[in-house]
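Shared between the two complexes below is subunit A, which has subunit B as its partner in the first and subunit C in the second.
For the complex of A and B:
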């Protein structure tokens, strides 16, 4: 019964708790800033990110705040536009992994038995393959490069954690009295899953999905850095990788995209942490 | 087991066993029950006597590793044990509804109570969306939730235990079921609220002609509510009769012992009697009569033969081999 009382806290209560958490609020503001930057990128970026606007390797100045790169493009504009790629990969991969993971976990967790066994083995197979090598393998076989492909690629293995979480939560939720009562009233399987199990499992799904975004953004940067991204795209990872060769005498090339990646990842992590602290019933009362 | 009036439900020789790793648990082991139209049957027994399993068997919600092995459950002349899952789903909540012991956890915390009652209605009835709110308000008023229009927009955590039980009853009644199974509906409520809920159930029985299977271990509730009583012990029915008969003329030693262990205001006693021992573990039920290890009147024969449920008087059945002797003999508590 106490467990139930904890679960029954409303979203307005969650919001109040979230607001009190400084780190979460900062994370939320960073995420908001990145999202706004990405949306209004054409407005705020001083130059077209693909245009050669000055001599190569100009240090940061009043005209070019973040300097210019190896072929004379404005770094600030490229960092601003890079937020679009980062968000597209991060949000896209997270969205796909939520859809796949939740569907997979729901079916395994609700039906249990042999279905669950089979599905979990598939999950484990994906988990034991080192995902980085899998990415390299797939990119080199299919020669797919763009950020949208990277999003799909990252989601390919990224959904397993969510599937496991949803599955385990379903095991316990389907034994709860309100589920049993609904079955007693003649509710169908689909009905039970969508009205009783999933809505009660939203909090952990949201938390994990948010935390995953940070991981996906870093992963995209890493993949681009080792040369698996689209070299013509405006991506922080690619900027890092291209800046590497000039690191000795043009520090700004790698520094600004690196900072952008770092701050965005920290933002999503703080946000995820804050969400967990305010949504997770097991932690409630400890803060 | 004959009674006046029409039968709504009759259970014959129902066996529900649980196949656990440690062995077979005979939770319900060959019981017969009948519920008349518009009547309340009280099913009493200690914890673990198989009352809830009986209820779950009726709606076919016994979960793994439990299995209904034998018997039939005749509901409005249809055998529920022959129905497939889809047909059962149509019966559950529509023709047979259940309410449970713990109203605090029986409502979905993420939706408003109005939503949930509306959903219960929509599961079985084709009511247009525009009219559904009105029907929810009507049901709320029927089960005595004040300020229904406002309260149906609130989430369950804003409701007290008694109010939640009313919501549960509202959901259970939303499709006017013929049979309401109430599994300890008042156990977790305080006494004044208990009385209100019991009165509500009586009103439901009267207004809707709903039959009720009332499961409880509270003999006081049974005396207040039931028309007939079945006393269950260790998966078997020990005594079955109408309520007056059971309380005034109990014949089974177990029923007698149960009644003696209820505190009474009108009789002065220093100590309440208790029944020695505990309900037997159903993995290894005692041979013969299942009550024999705890019974004050046990003889050799009780440990060997299983007593059949015999109708000794019109509408009064008892499962005891020695019921004719024990009136003349004092129990000697040979446990």
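For the complex of A and C:
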């Protein structure tokens, strides 16, 4: 934890290092492609994703690149529109988890003592509950099935890692001279946290948040896949779960949305991994 | 005591759940059912009653299967373990070996390939790869059964069961292995920087001995810690795999129960799984003492 001084690098230096990392660049390009796809979905999708445009279970052809699903909707259009859902869940959940996790971690790390002890116990409890079974429980009880609810659920159990990282870093940042100077000058706690501590801890937050996006997207697909999602939503997981029913004779139904999920997750993970290498060499190779 | 505190997590949810259930049925049959199930009592009484019964091993009746919850869970958890344990062992072995190799040759080509492929493995939606595997090996090549534990209408044999196990175990193992590889690598790199590694090399020991005897022994400890913390996450992964391969395990039971609103079962599973995870943590705690002689209880 004594290598913090090395972190004082400029953003252009970061960008240079990032560019040299091929995997990261590929990841960044994939993410960019997915984001663009989601934005221009209405333009590039050949059909309305909810319209029945052809006979059911048509194999891929020139007219329907990815084939049609069980009730005759175009799979390509659904995959394209599904990117919106996936990104919404991934980015939304990640954003919420950053807010909760950073707030939690900074309070615990800044104040320390009993507050820290109590807060860390909460963290540990959350980490130990099998969150997957908790989702099942919550989803089945409250009947919340839409992707937006799933995103919130995922975020509310997925922030602990961030909280831990921020807390540990705050412990050492708190002892640095500039923080001591700020305290000596009589700066308020909030001012110190936002002006002195958080800016110095951005790198790991960004990295973990990026990699969390991939995890959240996969989890959303998994939950939808096992039948806990909203069956009317246009999401990759829902498509996969429908594809499962026809796996014996319609391979395209499950293949393409799964591939989309996989590629998107790879994109975010590679991007996060590359960001770690360029932003924060200290973290290199850790999860 | 520390461990008991862990057990608390299910509880707020439980309270909520018990308060909701009355509202759930709220139209015609209600009062009778409420009385029968004791749901006309205030929440806190219900809650303590539930806890009390649970301590005695009574998780209530399943609404759907119409039998006590505990035996249901017990048999399915055994099935889950039958799949999880070989998968877990495989992924740990594989993960540690690849992690060590890639740490020993940091920044080499091997290292880059291992790191990239472990990230790929980690990004794999494992339920999707399961579907693809079913399609390729079962539907297309007719090599392996699509799912379940035994072939219907045939006497259960060992070979039969193994053939049913291959796909879920391998898939589950790969999803965990990517994670463990990265973890092992980073822990190894940390340890390799230590002075005693330098000393060992200075003594003229073979690189193999340094890596496996001096470094790995010290690196394994944080690996055990983190893996044990992620057991709860891994259990969730197993649930999805079970669902894909129709393996009659606890995850599949939970999903079926959840989609049919069989709350006692879902709740019971949550408690049992939380307990199992706690036991796993305890085992991890104890194994520290074995792995690290500095720790004594």
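Methods note: the second predicted complex is superposed on the first by the 276 of 287 C-alpha atoms of A that agree within 3 Å, B and C clash if a C-alpha of one lies under 4 Å from a C-alpha of the other, contacts with A are read in each partner's own complex, and residues count from 1 in each chain.
The rule is short, and it goes like this: a contact is a pair of C-beta atoms (placed from the backbone, for glycine too) under 8 Å apart; a residue touches a chain by one contact, two chains touch by 3 or more.
Remember, it's a predicted structure, so these values are computed and weren't measured experimentally.
In the superposed model, A:181 lies in contact with subunit B only, and not with subunit C. In the superposed pair of complexes, A:63 makes contact with neither subunit B nor subunit C. Contacts of A:16 after superposition: neither subunit B nor subunit C is touched. By the touch criterion stated above, A:196 is placed in contact with subunit B alone, subunit C being left untouched.
Among subunit B and subunit C, the chain that touches a larger number of residues in subunit A is C. Within the complex, the subunit B residues that touch subunit A are 59, 61, 89-94, 97-100, 102, 104-111, 119-120, 123-124, 155-157, 168, 171-172. Touching subunit C in their complex are the following residues of subunit A: 23, 121, 124-134, 136-142, 214, 218, 221-222, 225-228, 240, 243-244, 247-248, 251, 254-255, 257-259, 261-262, 265-266, 268-270, 273, 284-287. Those residues of subunit A whose C-beta lies close enough to touch subunit B in the complex are 1, 4-5, 7-10, 176-178, 180-188, 191, 195-196, 199-200, 202.
Per the touch definition, subunit C reaches subunit A in the complex via residues 5-6, 8-10, 13, 16-17, 20, 115-116, 119-120, 122-125, 127-129, 131-132, 134-135, 139, 179, 182-183, 185-186, 189, 226, 229, 232-233, 235-237, 239-240, 243-244, 251, 254-255, 257-259, 261, 263, 266-267, 269-270, 273-274, 277-278, 281.
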